[in-house]
Amino acid sequence: MIGIGIIGYGYWGPNLVRNFAETPGSKVVAVSDLRQERLRLAGLRYPGTKLTTVHEELIMDPRVDAVAIATPVSTHFDLAMGALRAGKHVLVEKPLTASSEQAKRLIEESQRRKLVLMVDHTFVYTGAVRKIRELVIQGELGDIYYYDSVRVNLGLFQHDVNVVWDLAVHDLAIMDYVLPERPKAVSAAGISHIPGNPENIAYMTLFFDGNLIGHIHVNWLAPVKLRSTLIGGSRKMILYDDLEPSEKVKVYDKGVMVDMNGESIYQMLIGYRTGDMWAPRLDHTEALRTEATHFVECVEESKRPITDGEAGLRVVRVLESATESMKVKGRLIEL
Amino acid sequence: MIGIGIIGYGYWGPNLVRNFAETPGSKVVAVSDLRQERLRLAGLRYPGTKLTTVHEELIMDPRVDAVAIATPVSTHFDLAMGALRAGKHVLVEKPLTASSEQAKRLIEESQRRKLVLMVDHTFVYTGAVRKIRELVIQGELGDIYYYDSVRVNLGLFQHDVNVVWDLAVHDLAIMDYVLPERPKAVSAAGISHIPGNPENIAYMTLFFDGNLIGHIHVNWLAPVKLRSTLIGGSRKMILYDDLEPSEKVKVYDKGVMVDMNGESIYQMLIGYRTGDMWAPRLDHTEALRTEATHFVECVEESKRPITDGEAGLRVVRVLESATESMKVKGRLIEL
Amino acid sequence: MIGIGIIGYGYWGPNLVRNFAETPGSKVVAVSDLRQERLRLAGLRYPGTKLTTVHEELIMDPRVDAVAIATPVSTHFDLAMGALRAGKHVLVEKPLTASSEQAKRLIEESQRRKLVLMVDHTFVYTGAVRKIRELVIQGELGDIYYYDSVRVNLGLFQHDVNVVWDLAVHDLAIMDYVLPERPKAVSAAGISHIPGNPENIAYMTLFFDGNLIGHIHVNWLAPVKLRSTLIGGSRKMILYDDLEPSEKVKVYDKGVMVDMNGESIYQMLIGYRTGDMWAPRLDHTEALRTEATHFVECVEESKRPITDGEAGLRVVRVLESATESMKVKGRLIEL
Amino acid sequence: MIGIGIIGYGYWGPNLVRNFAETPGSKVVAVSDLRQERLRLAGLRYPGTKLTTVHEELIMDPRVDAVAIATPVSTHFDLAMGALRAGKHVLVEKPLTASSEQAKRLIEESQRRKLVLMVDHTFVYTGAVRKIRELVIQGELGDIYYYDSVRVNLGLFQHDVNVVWDLAVHDLAIMDYVLPERPKAVSAAGISHIPGNPENIAYMTLFFDGNLIGHIHVNWLAPVKLRSTLIGGSRKMILYDDLEPSEKVKVYDKGVMVDMNGESIYQMLIGYRTGDMWAPRLDHTEALRTEATHFVECVEESKRPITDGEAGLRVVRVLESATESMKVKGRLIEL
């Protein structure tokens, strides 16, 4: 039975507590938050849990085997490093850290101490994204041509991070999981419409070797909520709409057929193939439940998590470079 | 009564013929096409029309006051210049020319001869786009913050122009008409998935002075058809979906309210406003009918068309620069 | 080569002329209409066709082997009977006749003379409906539990027939084709909102032997256009939305599983099955082309059409009974 | 401060407890349920609340001023009558009772004792339904022509009541609140697809005096979830889609214009009007919060609730008659 301590009981922390409380193999030992009223709430729901405003107390508690961190990103590094140094396994909310330098140091520390370092890329554990990865791996899509995502809605404006760190992080985490290649360069353009605030709308293009291109549109100032991803392949194509109540993943047997038997390029014939559409049944287990179970398993069996520190680092590196690129009107940054 | 000659009776030409035939004030005098079978078809539908495979015959016909050109873009310049030199008014299918240099020369020629030069930016004449411009001009949206368009579907791949010249031309024409400012620079990224063919997917970012950003996503290789534009303003926002059968333009009374009365930026409060949504009734007149009527009026009254040569030039200049930018992975090109 | 004469060149007639003109095996010999300006239009498009305001001339023309009738329903019987008596095969627009008595007499006449009598139940020839029938016949759906259709929009109000004869006729024709059973009784409720006009909104329930129920909602006074059918079966269920641009037929692998192994009814367990959704590729051939080809084949090979006189009669009988039922607030009428 | 006792802590009870616990003016004093494990859950969340498996103890508790009942419908009458006789105000989950006779007796008892009797017609307290009523009352729709509702999805099959009592009750409650007239007769058709179980699909037609017709389609065995209502009026029409995340109520300025100035009915001209569509901003307060506040106010000020016993009775009477009508294939039952 793994004892879990959760730091941060704001928006996301209660979900972590609930899931670790209900996952076989783990139990919630302690919760810390700077705000007394949040701790009181935690106490009402989970009587018997240690509650503290001092996170060091949680980290040092010998019953705590692993620490889950759900605090603002600027505090991730210090908290995670403190936990690792105390010999605790760590799960950190996305994005892993505020810089790639910090992420590297956490990875090194966790490796040195043979501790699990996992980043909470929640979408990776949804039934929809796992199904998409399965289809990609099985070759159902053929060669992947593009990955295009739109993630927009009205609010919430954040003061400390731009829209890329808040929203595009989800898309980058999904791409990191489902695509067969890693981006080699990034270009991003964004703008802030509220003086003194970070960018609230951004467009990011990801360049890969070969035939693949990636693009992410994020916007805090849109009149409608959209969560829509197109993935094009040489054999099939996917429309993944996270707002669809049931058919989130649609697989289209559509494509282009090129007949190259002409003598010159001008005799090349392009035909279109339009076949069935298919929406596979998805596992509806709560993503965080699947993720908590995976974390517990990694701790117990000293396994490397799917969303390990390296995955967290790769995502942070793109966020960092995109932010840099936005400052210079989309200049290409090599990754 | 203005006599019209139409060059090119392929996909778009029949629409031009039909509309000029039915517009009061104009009549179709002649049609030319290189293909006899196309001319035969024109003859069946419009008996009494002069039919010729030699476009010079059409241009020189004294009954022809104005020439409408619906041929591949590479031929626009020569045909339009020939018509202008023969003293004819000219309407050219979009994009106006294959280069901004050509567009400038057509403008000069038309000005010297005091002839009407108009480009067929059809969307500008739809009820939807005219309503959007009206709302922008009246200040309903407040300051414009962004213009974001997605125009994707499967096929048709073109051999001679890339997807930007084929699809983004529509968005650029609409932006040129509805936005209060002109783009100052462009960055574009694209890729070709069929060897030897031009780019079939592209992302274009448009930079303006001040607070406005523009973005266009075009794709010939998408599993679904999308024609969706978001326009954000400080007061209201628009979702323009051209595939909606009736409510194509939705106006959202949504936005962000900033309360700056704090002493420092950290005390600034951001609130969200969510009000009514409203889909105004749109004029359903066929766009090309409105456009043909406008062309006839410009010819008769020596007026400057809404989509004049300058509008055509501005759009071609962006297309040209975007194509250049795509060759160098999105490098910023000043306009 | 079958010579076709078309009576009625209003809304639907031109579609018949175009399709028979382009279908191999048939040619359009003559067109009749009471209105000279409609005939002029027909002549412009199809020079060489005999044009007449006197339908008897068309029927008696020896080059006419078969007559297609696209006139108001009140005239169907006289025109069709006249054609049959002149030894011509007949295709009649839906509904076949204004009464079941008339339909029976046409069937008898055609059988006596060994002539083809076919009713233009156009939807039966669409790719969507043919696919649905295929799925039903193959047992994909299991036992059919219900057929529910909604067909509503604003306008066009008709003066001579109620909304059931105008719109529900489509659903009845489709049900007649795809369902394994025939309705045994009908109940309908409707109302007219414009004094002196027939019912503009109606609800019709169809009773079958066994487990199946049918229902049709038609309305000329709805704010939105809907063309949506649910077909429930013991194994799978269909959503057929004719307004979907591409995925018109969606097959859901959903259902109820009953475990009867309890000792009493109260121990019966009901489980739910939710599997994949699948939208099969559909044949996009124009329905009327498929239908014209079928008619020509039936004439040439003396075959019985899919939508023969009997199918027309069955549909008219339900329309007749539903109209009767509406007069007495939904009283059940046996068929 | 009104002391509330809640009987039944199953699916709906916890929502009642939470809302009365958080509504100013009321506090939750006691909760009863037959199942110990449900009481334990209630105790964890609301320490200090009296918990009992014996509902009489709750009813008799002098701190309990009002009783809220969220148990199966077959138990509503006895529990509510017991509470009224003990001098307590009562809120009963919908439907009020299992028969109109029972409803009448509860009304009499509550009137005799001057106690509040309210039925939990939750939808009546949603922002959407309150806005619709407001539009109807203000005459925005003109004369109401029809009310058409579809409420279908897969599951949950119930053993004790048919689909009408489970789902149509919502529509009847809404109609009772928003329509200017009461139904005079009802006809319903339904079928059971699982032997020994009540009807799982049903169609109900409601007849009114004058121009209005109502219709409800409910189905436990549909492949998709639909919650869609059309309300047609002489001036405007509404589409109310409860599954829309934000624009649940759309008001269409569409309609028919009749020009009666002809000399006979045949010269009557029908025109169509298509204007703007408008989706008003809705109050997003949780319906049950609004309802709890209203109940407390009615108790404190001895006011008659919007959804009083009479409203509950009217709905039960239609449910009862519809169930009777289904047994005889839709025979019309006067109300």
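Letters are used for the chains, namely A, B, C and D, taken in the order the chains are written, and counting of residues starts over at 1 for each.
As a convention for this text, a contact is a pair of C-beta atoms (placed from the backbone, for glycine too) under 8 Å apart; a residue touches a chain by one contact, two chains touch by 3 or more.
Values in this document were obtained by computation on a predicted structure and should not be read as measured data.
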Between B-D and C-D, the pair joined by more C-beta contacts: C-D
Equivalent of B-C within the choices A-C, A-B or A-D, defined by over half of its residue contact pairs recurring: A-D
Chain centre separation in whole Å, for chain D relative to chain A (CA means): 42
Geometric centre distance via CA averages, chain D-chain B, whole Å: 52
Whole-Å gap separating chain C and chain D, where each centre is the average of the chain's CA atoms: 39
Set of chain C residues in contact with two or more other chains: 224, 246, 274
Chain D-facing residues of chain C, complex: 145-146, 148, 150, 152, 154-155, 157, 159, 185, 187, 189-191, 193-194, 196-197, 201, 203, 205, 207, 211-213, 215, 217, 219, 221-224, 230, 232, 234, 237-239, 250, 252, 254-256, 258, 265-266, 268, 270, 272, 274, 329-332
Residues on chain A engaged by chain C in the complex (per definition of touch): 246-247, 253, 274-281
Residue ranges of chain A in contact with chain D within the complex: 44-45, 47, 224-225, 243, 245-246
